[in-house]
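See structure below.
Chain lettering (A, B and C) follows the sequence in which the chains are written, and residue indices restart at 1 in each chain.
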Amino acid sequence: MTAPLLSARAVTKRFGNRVACQGVSFDLWPGEVLGVVGESGSGKTTLLNCLAGRLAPDEGTVEYETAVMGTVDIHRLSEARRRLLARTEWGFVNQDAREGLRMGVSAGANIGERLMAIGARHYGNIRQSATDWLERVEIDFDRLDDRPTTYSGGMRQRLQIARNLVSEPRLVFMDEPTGGLDVSVQARILDLLRGLVDSFHLSAVLVTHDLGVARLLTHRLMVMQGGQVVEEGLTDQVLDDPHHAYTQMLVASILPV
Amino acid sequence: MYVAVKGGEAAIAHSLELLADRRRGDREVPELALDQIDQQLALAVDRVMTEGSCYDRSLAALAIKQARGDLVEAIFLLRAYRTTLPRFGDSEPIDTSHMVAERRISSTFKDVPGGQVLGPTFDYTHRLLDFALMANGERPAAPTAPVDAAHALPRVGDILEREGMLEPPPTAEAGAPPQDITRTPLVLPAERPVRLQNLARGDEGFLLALAYSTQRGYGNNHPFVGEIRFGAVPVSFVPEELGFAIDIAEIDVTECDMVNQFAGSHDVPPQFTRGYGLAFGHAERKAMAMALVDRALRAEELSESATSPAQNEEFVLAHSDNVEASGFVQHLKLPHYVDFQSELVVVRTLRAEVEARNRQTALDKAAE
Amino acid sequence: MPDTNAPQAHDAAYNYAYLDEQTKRMIRRAILKAVAIPGYQVPFGGREMPLPYGWGTGGIQVTAAIIGRDDTLKVIDQGADDTTNAVSIRRFFARVADVATTTKTEEATIIQTRHRVPETPLKEGQILVFQVPIPEPLRMLEPRETETRTLHALTEYGVMQVSLYESIARHGRISKGYNYPVLVNGRYMMSPSPIPKFDNPKLDRNPALQLYGAGREKRIYAVPPYTPVKSLDFDDHPFEIERWTECCAYCGSTESFLDEMIVDDQGKRLFVCSDTDFCESRRK
């Protein structure tokens, strides 16, 4: 019986007197995309940061099944190990691509960085890998030497995705990956993400306030309100037949088009 | 045939002689005496002592004379001398509540126990050049009131603290020797005592600009002058042979307590916070600037967002030392022609490659 | 000026070599740590010196900590013994330590240098002291000391490799000409000080001890004799040194680093060995 890829148990985080997230538990299995939805202030981003090792929870544990080291409690790892995992087996796609990119170096350098960090030393090969990835995320390859400052918002997001996926991570954390982008651009990036998740058998935890994004990309869904998980289940079931009043309100609020 | 320039030694020797000549200036003009500098340029002496980290008026005056009035150069001279001085221990911390204050003011209250003592300051002058000074006239002595040395001036800060309105000043661990940043390297992140040391000997202009920036919105901390006091304090020391403290010196210091933005939360009752500045001699601008920057650097400790330069510990502490800054900026005058030669080679190679590519492109076009 | 000067009595107002014995001991402890961990920057309690920061105070403190009456000191700047900075430092040591000084590389036991490695190969037992302005090789990529310390501890040097990649992408080649980063003993990335990359190969497995002093930044690091020192590059863009088409106008050398002199208003140029002692000895 395979182990879950990521296990959260009773994850709780406070900021002073305010409880940002409380007692969150779940298992994520290989190949699954788990969505975490809720409005702003629901605690979903805090939860994501605890899961990705960026914030230490006040209570609870987060365990990850590594490729070669067995299962580890990510918050008891040394900083060195955690940073190494973040560069190799994990990816993190920020809502604002600028936070996940080096804006001052070329797209090629951005994509090649993870390869160079683990010892790649052939410029031509690194450049070729970067070119291949630009293609996969549907950016014109002659933009390889341009800096992300010259890219549109949508292109920067694609570049951020490429920069993360070049090391073929097993688990990707995404924080509103299409937030702030034009609707048509969002649709294309969602399509791209869905394709990549499929072809690379990615597992992911995706935070979003947009139920449409959740519907398209996620297998399972957790609904958060005020730091608590109020409902969870298969995405289609939760969205088509919400039980909790808050979920019902969220679903009902989607503007019909 | 080109002959290489030699004679660097002779050129240096002549440069030193010329410098000594320029320092003396017109021989018809009387030579400056050290006590003239100490007495009549006292504030320059104060600054050199503070940033030179050495309290000795005549050494500071000598440094100013030798440096031809360039205070950063004088500070450098004093610091270099200080390096050679033997150490025989650390004094007890000075207690400014026992200061015989020549000047003591507070902006937080109209009147305070002990009174607002104006003392000697530029604050109430009109900045009109006084041409009477050109004539070197004698002035009558200023009237003075008798000094009541036995009467300690209670600190405004202590009054607020007793009510719980002001946070208590941080206390050092009992028995922990102070870390001396002139003996051990600065390690970041730094504790507040180390920061204060760095700021105390930091360049007044740099701290002034940073302090000013906080007042203009780059990390405002809502300051009020709780108290500024200037006067003499004793320095005491416990010699091993005696086992008790004896006074070994009396020094003039200027101290500034800033009362700043209150901190607190839903459950923790809010209190005002502190910034602290201290300088040798009479140096209010320095002490105040230091207090504002001290408070700004406490942003993280007080859970404030630290986004401005004055709140950036690494930026402030790494660049506050004017002897370091002056050395590194001016070192650009040293020969760098070998590195420049490397750059010339690189740039020429790149230019040749670009031109070759352009020629090739032109040839390809012509061939079509 | 004669090649070698006998020691003269030192200025009695100061301790031998200016620094007090406690300070010298503190610096030597830092040097020992540095030698034990090749390429690692050891913080030390650097003192205010009579020369300004940026003008060699780190090198001077290292030399002052190790120099003794039996030593022979050579000081060079840009490869020459008679540039003003080299003259000034040599005068300083002649004044505060009774030590013999020389311009001949093979006769020196300690060579303090700014921005060059001597052309004449060094021998076991010699010590080369480098003056270092910015000891942190990653400083221009990451200004925060707290972060660069972590990068060294975790061997996270990707950011430097990225900057070399970027240089090739923009210019077609790695365009760093001096202060070219190296990996020491396969572990620590090091700044070799602003020597031209021409001199980097001389650092690799050198029989002499290399000591690096940064006074203003208060760091000492070292490369023990015979330690591998590798300049960073890519497999398909290997490290290469500068070359000239001209040879030295004085001694004819085609193997040394050449200074370019502009000799008339029309821009006529002459190329001469930067290492004055090397050039002179070839002309004898």
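By definition in this document, contacts are C-beta pairs under 8 Å (C-beta built on N, C-alpha and C of every residue); 3 or more make two chains touch, one makes a residue touch a chain.
Being a predicted model, the structure only gives us computed values, none of them experimental.
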### Message
Looking only at C-beta pair counts, which chain-chain interface has the most contacts?
### Response
B-C
### Query
Centre-to-centre on C-alpha atoms, which chain is most distant from subunit C?
A
#### Entry: Centre-to-centre distance between subunit C and subunit B (centres being mean Cα positions), rounded to whole Å
33
### Query
Roughly how far is subunit A from subunit B, going centre to centre by Cα mean, in whole Å?
48
### Query
Which residue numbers or ranges of subunit B touch two or more of the other chains?
none
### Summary
Listed in rising order, subunit C residues that touch subunit A in their complex are 150, 153-154, 156-159, 161-163, 165-166, 168-170, 233-237
#### Entry: Footprint of subunit C on subunit B - complex, ascending
2, 4, 6-9, 11-12, 76, 79-80, 82-84, 86, 182-189, 314, 318, 323-324, 326-331, 334-339, 341-346, 349-350, 353
### Message
Help me check something: in the complex, which residues belonging to subunit C touch subunit B?
### Response
1, 14-15, 18, 20, 43-50, 52-55, 57, 77-79, 82-88, 91, 114-116, 133, 143-146, 171-173, 175-179, 194-198, 216, 218-219, 242, 244, 249, 257-261, 263, 270, 272, 274, 276
## Note on the structure
subunit A residues touching subunit C in their complex are 79-80, 83-84, 87, 102, 105-106, 108-109, 112-114, 116-117, 121-124, 126-127, 144-145
